[in-house]
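Step one of this worksheet: look at the structure below.
Going in written order, the chains are labelled A, B, C and D, and every chain counts its residues from 1.
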Amino acid sequence: MACYAGIDIGSANTKVVLFREGMPPYFHLIISGYNYRLSAQKALTEALAGSGVARGDVRAIMATGFGSQSADFAFDQLSDISCSARGVHFFFPDVRTVIDIGGQASRVIQLSEEGKSINFAVSERCASGSGRFLQVIARVIGVDIKEVGPLSLKSNNPVTYTTGCAVFGESEAISRVAEGTPKEDILAGVQNAIAARIASLVDRVGLQNDCAMVGGGALDIGLVKRTSERLGVKIFVPEAPQMMAALGAALSARELTS
Amino acid sequence: MNFAGIDIGSTMTKIVIINESGIVSQVIGPTGAEHRRLANKVMEQALTQGGITFDDLTYVVATGYGRINVPFADKQITEITCHAKGVASIFPTAKTVIDIGGQDAKGIKIVGGKVVNFVMNDKCAAGTGRFLEVISDALGLGLQEIGPLALQSKTKIRISSTCTIFAEQEVLSKLADGAPIEDILAGLHEAIAGRVFRMAEKMKIERDVVMTGGVAKNVGMVQAMENHLGYPVLVAEEPLLTGAIGAAILGREFVEKALQRGEEIQKGARLLEAASFFK
Amino acid sequence: MIAEKKKGVITRLESAGLVRPLVNKMYSEGNLAAEEGRPVAWAMVNWWEGDIIMRAMGVTPVYPENYGTVCASDGIVQKYMGVSAAEGFPTHLCGYAQNALGYTTEMKKEGQVPPDAPMGGMAKPTFMLCSEGMCDARYKWFQSLRQYWDVPIWTLSFPHPDFYDLQDESIHQINIDYMAAEIEGFIAFLEGLLKKKIDYDKLEEMLANQEKVFQVWWEINDLRRAIPCPVHGRDFWTMMVPCLYQAYDPQTLAVYQAVYKEVKERVDNGVGALSEERYRLLFAEIPPWASLGFFDKLAERGWNFVAESMGYHPPPPMELPGNGDIKQRIARWTYWFYISHVYRASKKGYYIAGAAQPYYNWAIEYKADGMLIHPVVTCRTATFWLTHTINVLKEKLEIPGLSIQGDIVDITLFDAASALNQAPAFEEAMDHFRQVRKTKGLDW
Amino acid sequence: MTQGKLQGLTKAVDVYKNRYKRLRELRAEGKKIMGYVCAYPPLEIVTALGYIPFRILGTMDEPITKADTQVPAIICPMLRSMLDLGINGKIDFLDGFIGAHTCDCTQKFSHLYQYNMQLPFYRFLDVPHVVHKPSLDFMKEGIRILQQSLEKHTGQKLAPERLQEEIKKHNEQRALVRQLYGLRKQDPPLLSGVETLQIVLSLLCLPIEEGSTMLREIIAEVKSRPQKIQKKHARLLLWGTPLTETSIVEMIESADANVVMDDICTGTRHFGLDVELTADPLDGLAKRYLDDLKCPRTYREATDSFAADQEARFGYIAKYVRDWKVNGIILESMKYCDTHGYEVPAIKAYFDRLGIPSLYLEHEYTMVALAPLKTRVEAFVEMIS
């Protein structure tokens, strides 16, 4: 049966989504590593094997994300902005504002009723605005990235960082731990810092409900909570938030051929 | 009389104890932000090494990023003044100090051991020692290995990201694309040297130039800097210690002046406890 | 699909090629004058307020602002900006200024034009001419250069009327009188400096030519309202140069007349600059000079740039009353250039929204689908209004805006890759708002 | 207790801490408040026609939020903050606004501010950058237009004699401020830099008479108060962009230094010289506000040498240095200020030649970002003492 593939080559992970009419999308994710060409190949092959879809049934492939050029087997490339929008629209047709927290940058996208991106703002090129900030801190204080969210919710007084630089924030976090600051307060501090930057991006495009958060950052319920507190709105999160761009790519792959 | 200089940097603590005639002991404490608060332990080490007790210290001067947080110091003096003093004591001909530390980079102009001008960058890790640390970690290389490697490069590769964390990413994917590691490193050394040079040039760099801080141990950085200057720089045997040495000397001078004037010496609380940065 | 995309690369105007020699002349005449011992002035772009007066006095202007773009394309700008920072100038200052300050420092050090300076560098000035027009850098910067060049400076003052006042006709004559008085002062300054009288007949001749040039250049740009648009922004950026710097020159008039002929032909035959014009865009304010090729990439996607920047758009036919006194006329044209685009828009009754107003007007006149803005890290003047402008176009006309940050000289700040990555997403926005405009009864 | 009833320093501090409280009180009493930008609009005309002038300022305390949706981040952070406070409804007590071309960004801000606030009265003052006969005439014309439009708006006529009276009243306050600054010539100074800034900032949101009364109380109070300011090694002069909070001065004075003099427009620049009482009062006003008012935004005619230029541009600061026995200068500028930015190398060179050490401090106009600057200040103080 006809299948459409979307591949999202992010700085951290490479994601593949296989879309078949009337069936739930098939998700597959691997670590990007540093050779995007190889990981793109690998991700697709694994996805096909895992889903039992024959290569021949794949009608079209759309690539997106940081390393989309590396997917030389794709029919075309599409901006991750449009793709995230489409992906979210598939699950939440009422969403008008998408907050996408990726490894390299954060984006806020405004959606039309048809799920097209009609306005967007992208964070500046510094890690302190991206999901990487949290990963870095989590790593150095020895918290598994999956634990970050639940743990951070325990925080009663988040720390305020004396620096905007993620690297300096790293050493600051380390010595705060050494001084006995609870890890949850340190994580909550970072979440606040990122939430603040997101809020200013949201201001630029203008907040419209419903609002959703996607990208790796959305896996962190702490970040979702603090952002929603800061914006004063409910934030929806799809079950596989980091797959939305890939899903969007798959959906536009379908548009390519139809 | 014994005088201690203690320099608490962002990731390292250095202590030098001197008396009237010279250095009694010198210790470079454990590296890493998790340890920097343990200045008291480093002090105990230095005391044992010098075979003296804490009470034998006539005066203790703290300097560096963490100077405010040292509970057992009598006086705080900025690293700028201390580096100048320390460097001048080792290299009387020095006119300019370029210090690249973990959390900042400085340029200092000195005349007769005194600071006459200085510039500083401490906004973000780009252009500081941390940048190279992060990269060498990412490459699985020792900090001391990257310099020599960089020197083997024929053609530098430019890294476009300024942000250290994205640069790390970029370096690794360039590597994956088959770029020679030495060319990447050469590009990075050039980038930092360039940034620091342009900053220091604001006070018109004059010869002799002394490089201090951990990065001064990196031959790649030293040469990259020399390429900008067009002449060789001087590096102390232990470039990490100049700040602490300067602090100790300034303590000694302070006491001697006070004694000449017959004034009594104002001392601090003198609690040999861990330093705290955020309380 | 991919093949489809490749379509639509720009068909440049043949006649635009005729501009080249004029541009080369502009860049070389300064050094030539210096060699022949004729006076050279380092001048700020002054929108004709001082140029023809200088030229009538036999002075050759050299424009350090333009030299900034030359150094940017050459790459040496990085070095000069470094030197400027080393001299203690903050790095957020105007990129052109940082470049010129660095260049001058080097020139002083070398005692001559630095050997590595592109296009033979800039000859030492006999005097410097600042302008108060448009931005503060344009008088502060030469004041700073005084530290290096011990030569006289004259600052051409310039009124700065608020947009809210532009419909108040009484204010215009006050402003023009002030400029005329300032011009009189400038002439006196030059006559004193060069020990000779100005030749008013020559001045009259140049001004007459300038007025003709304005007219043709305006008509050419007016023709760009045609669908498809016959002239892409790329050609605009080449052709605007002689109008801005050589409007006095009969050659400029000849070239523009040739250009007009070709453009008119295209319009009459329904020929556009792109084989497939999918989107019509406005651009503001200063382009990334060193990366203009970026527009070609967008053209491949069918993006046609149909109208540009307030600061470069030609002055429309004169609408301000006034007498024929030559100082008054010179003043009036410069002043008219400064206010005209907002003035015309407010005459049409568009409500006053700062510098957004002319774009509001052009968006309607040129039927724009979107607006590309280029916030420039080292230029506050060209950047201040951009965000506000796209907000207004969005709110009032349902026209989306795309913002790509960069700089006028520091090429490392322009991220073409991420810009191109955003392009498809922006096309969706333009498609979407086309529909919205229809539902709102806007006719394009 | 209302700020109206407080006295002397206590009042100054209270007004400083709750900037808008007194203005809201006065407005509740039926007074009209006129906001204005920079130190250039002639306040004599504003007060003569029955308005209380209020210098619109930004704040380093609150992060900028809404303004970023209208103005890019590379614009003067103080102007962005001013716009932010306006949009967020923090400045909700204005009956009018006088904008000005003092620098390019301030002009653009002025328009955008009125665009957002839609205040019942708005007038824009175009201030030329050069100083000579035609520009003085032009300035006078601009002031006349301001007067006329305010007359039209209020339905009052302003007779020259009445304006003369008003000028005297303002000159009186200027004299009191000079007297206040005089108290800092001693070593240690009778008044700290922080206190002085608090007083000046409170004057900028008080009616003239009320401010003058407060000044008289303060001068008497300070002369006779027992606790003295601590003597310190460094006596510093602060040059640069407007200070809207005391934080930077606090940071400086927490080191071994007293700030004893300033050349900023929330200081000497604002009060500075008197307005000369000319036959046509507008002549005096034009000269005072275009020529006498010192700010790098004004281009001083170039003379025959760079040294002479520097003398013409910075000579008055050198006089401050002598009279207030200053031994170090801090050149403070918020990022993205062009007019001050271009000035730095020239002014530095000037004071190097005079043997007065100077330190350039560029800040982001936020409290949080001040910490790193402290080391620079301490090192500078160690350097000069």
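In this text, contacts are C-beta pairs under 8 Å (C-beta built on N, C-alpha and C of every residue); 3 or more make two chains touch, one makes a residue touch a chain.
These numbers were taken from a predicted model, which means no experiment stands behind them.
Chemist: Touching both chain A and chain B, which chains are there?
Modeler: Touching chain A and chain B alike, sorted by label: C, D.
Chemist: Show me the overlap between the contact partners of chain B and those of chain D.
Modeler: A, C
Chemist: Based on the averaged CA atom positions, which chain is farthest from chain B?
Modeler: C
Chemist: With contacts counted as C-beta pairs, which pair of chains has the highest total?
Modeler: C-D
Chemist: Quick check: how many Å separate the C-alpha centres of chain A and chain C?
Modeler: Chain A and chain C have C-alpha centres separated by 41 Å.
Chemist: Cα centroid separation between chain B and chain C, in whole Å?
Modeler: Result: the chain centres lie 49 Å from each other.
Chemist: How far is the middle of chain C from the middle of chain D, if each middle is the mean of its Cα atoms, in Å?
Modeler: About 35 Å separates the centre of chain C from that of chain D.
Chemist: Spell out, as numbers or ranges, the residues of chain C touching 2 or more other chains.
Modeler: 87-88
Chemist: At least two other chains touched by the same residue of chain D: list those residues.
Modeler: Residues 69 of chain D touch two or more partner chains.
Chemist: Among the residues of chain B, which ones contact at least 2 other chains?
Modeler: Answer for chain B, listing residues that touch two or more other chains: 123.
Chemist: Taking chains as nodes and touches as edges, what kind of graph is this: line, ring, star, complete or other?
Modeler: Chain contacts: complete, every pair touches.
Chemist: Could you pull out which chain C residues touch chain B in their complex?
Modeler: Residue list for chain C touching chain B: 82, 85-88, 412.
Chemist: Show which residues of chain B lie in contact with chain D when the two form their complex.
Modeler: 77-81, 114-116, 118, 120, 122-123
Chemist: Could you pull out which chain D residues touch chain A in their complex?
Modeler: By the definition above, chain D touches chain A via 63, 65-66, 68-69, 368, 371.
Chemist: Which stretch or stretches of chain C touch chain A in the complex?
Modeler: These residues of chain C touch chain A: 1-2, 394, 400, 415, 418, 421-425, 428-429, 431-433.
Chemist: Using the touch definition from the top, list the residues of chain A that touch chain B in their complex.
Modeler: 11, 33-36, 67, 104, 125-127, 132, 136, 159, 163-168, 170-172, 174-179, 181
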